[in-house]
Amino acid sequence: MEISEGKFTAKDIAEKPDLFLSGHRACAGCAPATVLRMIMKATRGPTIVTNATGCMEVSSTIYPYTSWATPWLHTAFETAAANASGIEVALKVLRRKGRIKDEQVDVIALAGDGGTYDIGIQALSGAVERGHDFLFVLYDNEAYMNTGIQRSGGTPYGASTTTSQAGSVVPGKLQQKKPIADIMVAHDMPYVATASPYYWKDLIMKARKGMEVNGPAFLHVFAPCPRGWRSDNAKSIELTKLAVETCIFPLWEAVNGEYQLSTPSKVIALAPQKKKPVKEYLQTQGRFRHLFTPKNEKMIMEIQQTTDQKWNRLLKKCGMTPPAQAK
Amino acid sequence: MTAFTRISTEPIRIHCAVYNPDVVAVLDPTLLKTVNVADGLIEEGGNIIVNSKENPAEIRKVLNTTKGKVWTVPASEISMKILGIPITNTAMLGAVARVTKIVSLETVEKMINARFRPDVAEKNFAVVKEAYEGVKSE
Amino acid sequence: MNSKDKSWKEISPAGVCWKSSKTYLTGDWKSFTPDRDVKKCTKCLLCTIYCPDAVIHWNAEKDDIEFDMNFCKGCGICANECPTKAIVMKIA
Amino acid sequence: MKSVVKQETQAVNGDEAVALAVKQADVDVVAAYPITPQTIIVEKFSEYVSNGEVDTEYVCTESEHSAMAACLAASATGARVFTASASAGLALMHEMLFVTSGCRAPVVMAIANRALSAPLNIHGDHSDAMAERDSGWIQIYAENAQEVYDSVIQAFRIAEHLDVQLPVMIGLDGFTLSHTLENVQILTDDTVRGFVKTRQFPVVLTHDGKTFPFRLDPEAPMTMGPVAYPNYYFEFKRQQEEAMKNAMNVIQQINDEYAQLTGRTYGDGLIEQYRLEDAEITVVCLGSTAGTVKAVIDELRETGIKAGLLRIRTYRPFPAVAIAKALGKVKAVAVMDRSMSFGGRGGAVFHEVRHALYDLPTRPYVVNYIYGLGGRDTSPTQIKRVFEDLRKIVQTKRVEDLVHYLGLRE
């Protein structure tokens, strides 16, 4: 795989014109907006973007305004990958027939967790199976935020949403977050990675790799929503650091199915004492507030255990030895 | 299963089942026991062509009708012999061509040659020809 | 609806957008505003990268960053992420 | 008719006729999902692709929903696009049909019209396409395999016409047309290419303040499929209605142009009138049943009964004015619907034909016959019964039942 290492200094990024423009109507402190800016900074040339229905689609294209400097298409909630398929094959055949300029045009499909984990997974799985050359970016804010914070397959265990409300009987969502990136690795696709915007360089590099690879690439980006997570607007990026440090959201990539930890998570793997307790992460967000009560406290322990199990499993996949079982 | 064909020198506009056929071709003789294949046959001048080794007179007994003229042709045997598989419709085509005289053997050959590659066409036409020549009437 | 909205005969089909959101100013949303202490700022550019609204730009001529307050929603990410605490949020 | 171009007779079924037309029309992208009775179309086309007979990207999507999404996106990128479906497949596309017409993507789709579940039924009726009549697609229903072939070729010109820019659905009755072998006059590849030409694009104003051809092009960026609030959504729907209105003329023009070329015409492209000039009683229907009705009319005419047929070829846009004009002097009309509008007091075609006749100074009696659901055969005997009923209405000046079920066991 071609590596574009070194191209992305802070100055490179700052100097490159934005393709996702100011004036969009995402909420203050919206991490997905930062993520889209970064993704578009990673582009290598002509690019067409297709967007699933969701927060970022709605907030960036309120007619007659658009925040997109690239060609951009939205059709429906569940169609991002199917649209990317159509765009990719159209480019291929029109280029072959000499109807458009003979140049590489990258295709990016953007979708939130609803458009990826749930309603969009069929189209995504199909498009990846067919091997279309495109980058699918999941900006995961862990619930249906566009319609007002309803739980999705990407909502973590214990989180309170408007359809998994923490009440006197039910303590928030009772199911685990679906391992979407692993599901994509199981498709035997050439490139899958997770990314967190705090580690901006890692994110941009991975997005670029996803564009450069031949065939489908999947990038799972952690993207806090202060409105839905009941967190401080200013902390949206900080939370993405904390999620990595607690191993709630480890960073890795799988090139042709081979897992490898990315530096921020590798540091923790090599020095397990740096791994922070999940409590530090959970307490920053109102959606987990009900866990910090005597009645629900055990759930925090459960979350810690599940996080540890998943982390250890990941370490094994990456060919690393997990530390001796936590006491 | 029943299927219908209309043959005409004029454009065919009717798009529905055939209720009163001039010709009934029975590809699967086991149906004779369960289906009254002669039911809709026209009163005068009809033909019933059955894939069977039996004589037409024997088949007439099973049919339980006085209508039409009964013909038999051992379509399954011809197919097995030449093609090695019991595809009966090609043989039945030969029999229908002979009985109705709507198309000549030459025309059938021409169309088979147009549709199939030479080796396949040759075998198929051999089936048609043997059935054409071998179909027996009462 | 307002009187400036166009009729169906005047607009392109299928909702092709004809205005850049750069003409839609979101700066008046904010309750807080960033205040930079130039002396503390090391021009590390992290704020330009993390800002969800592309408010902060690198101006090569001035060899400095600049804020386009027309779009700042006052989220405070820049202040939170500033490694030298050169940016603080103040009431707008 | 003037001298027409070279054509060759081939025995093909309706599905094969579609595949052949698509092959000749220089289609760039086909994205489809197989479903009976459409499957032969995609199988045949796949064969063309595998043998290098077409230069087309063929995408076997994992569902009809994705098929339409891929078609729409490919069309937005500038490709000429085709797909095919039927029944449950079309129903699964429902959401995307509206998005496709709303995005003004000139996708062409063949529908081998089939019943909708439940109970499951793979046979012919119009329930699938009738349920999509308000989806913003042009709908044309063919009478025979020849018209299927001709209509698919015409559809690309209609859809891509700058005054139209709407998707087109060509309906062929499941099995009756899709699977029945008929003689079809096939044009040469060059003739078809010359007729369909290459795709044209309207020019649109973008956010850069510039005008560009309407497609996704990195050198001319534009945003397609945004959110439109109540201040603008309505305007776009009105534009679509205008495009439908324009389609009414364009379909007629293209029907004429095609007739000059091939010698074949389907009425004025919108409706076809059969022995209607002096008819007193008339059947109105869509699709392959029209052929059976024509044969019955010829029989009845020999006995002195003044029977006629109005076949609606283009159902969307609905040619209400042409229908009113054609039926102005008729005494009684039987509208045949091959689908139900449950609780709607008759089928959809009935409602619309009756509405079209409302403004006539003297209105004929109009009754409805629901027929052929789930592949139920409709025989000449049944059609004769319909005409007999109409004669009775004319004689008695009385309608006993407004809605009838033809061929149903009571």
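All chains are identified by letter, namely A, B, C and D, in their written order; residue positions are counted from 1 within each chain.
Throughout what follows, a contact is a pair of C-beta atoms (placed from the backbone, for glycine too) under 8 Å apart; a residue touches a chain by one contact, two chains touch by 3 or more.
Because the structure is a prediction, the values reported are computed rather than measured.
A.B. asks: Using the touch rule stated at the top, which two chains are linked by the largest number of C-beta contacts?
C.D. replies: Highest contact count among chain pairs: A-D.
A.B. asks: Per the centroid of Cα atoms for each chain, what is the distance between subunit A and subunit C, given in Å?
C.D. replies: That gives a centre separation of 23 Å.
A.B. asks: How many Å are there between the centre of subunit B and the centre of subunit D, using C-alpha atoms for each centre?
C.D. replies: 37
A.B. asks: I'd like the Å distance between the centres of subunit A and subunit D, where a centre is the mean of that chain's Cα atoms.
C.D. replies: Spacing between the chain centres: roughly 43 Å.
A.B. asks: Quick check: how many Å separate the C-alpha centres of subunit C and subunit D?
C.D. replies: Subunit C and subunit D have C-alpha centres separated by 51 Å.
A.B. asks: Do you know which subunit A residues sit against two or more other chains?
C.D. replies: 61, 63-66
A.B. asks: Quick check on subunit D: which residues sit in contact with 2+ other chains?
C.D. replies: Correct list: 103, 207, 222-226, 228, 232.
A.B. asks: Taking the top-of-page definition of touch, could you list the pairs of chains it picks out?
C.D. replies: A-C, A-D, B-D, C-D
A.B. asks: Quick one: which bits of subunit B touch subunit D in the complex? Just the residue numbers, please.
C.D. replies: Touching subunit D from subunit B are residues 11-17, 19.
A.B. asks: Taking the touch rule as given, give the residues of subunit A at its contact with subunit C in the complex, in rising order.
C.D. replies: Going by the criterion above, the answer is residues 10-11, 13-15, 18, 20-34, 37-38, 60-61, 63-67, 197, 200, 226, 232-238.
A.B. asks: Which residues, counting only subunit D, touch subunit A once they are in their complex?
C.D. replies: It comes out as residues 28-29, 31, 55-57, 59-63, 65-67, 69-79, 81, 95-96, 99, 103, 198, 207, 216-229, 232.
A.B. asks: List the residues on subunit C that touch subunit A in their complex, please.
C.D. replies: So the residues of subunit C in touch with subunit A come to 11, 15, 17-26, 29-30, 44-46, 48-55, 57-58, 60, 65, 68, 70-71, 73-77, 79-81, 89.
A.B. asks: Considering the complex alone, what residue numbers of subunit A touch subunit D?
C.D. replies: 46-48, 50, 57-58, 61-66, 68-76, 78-79, 81-87, 89-94, 96-97, 99-101, 105, 122-123, 125-127, 129-130
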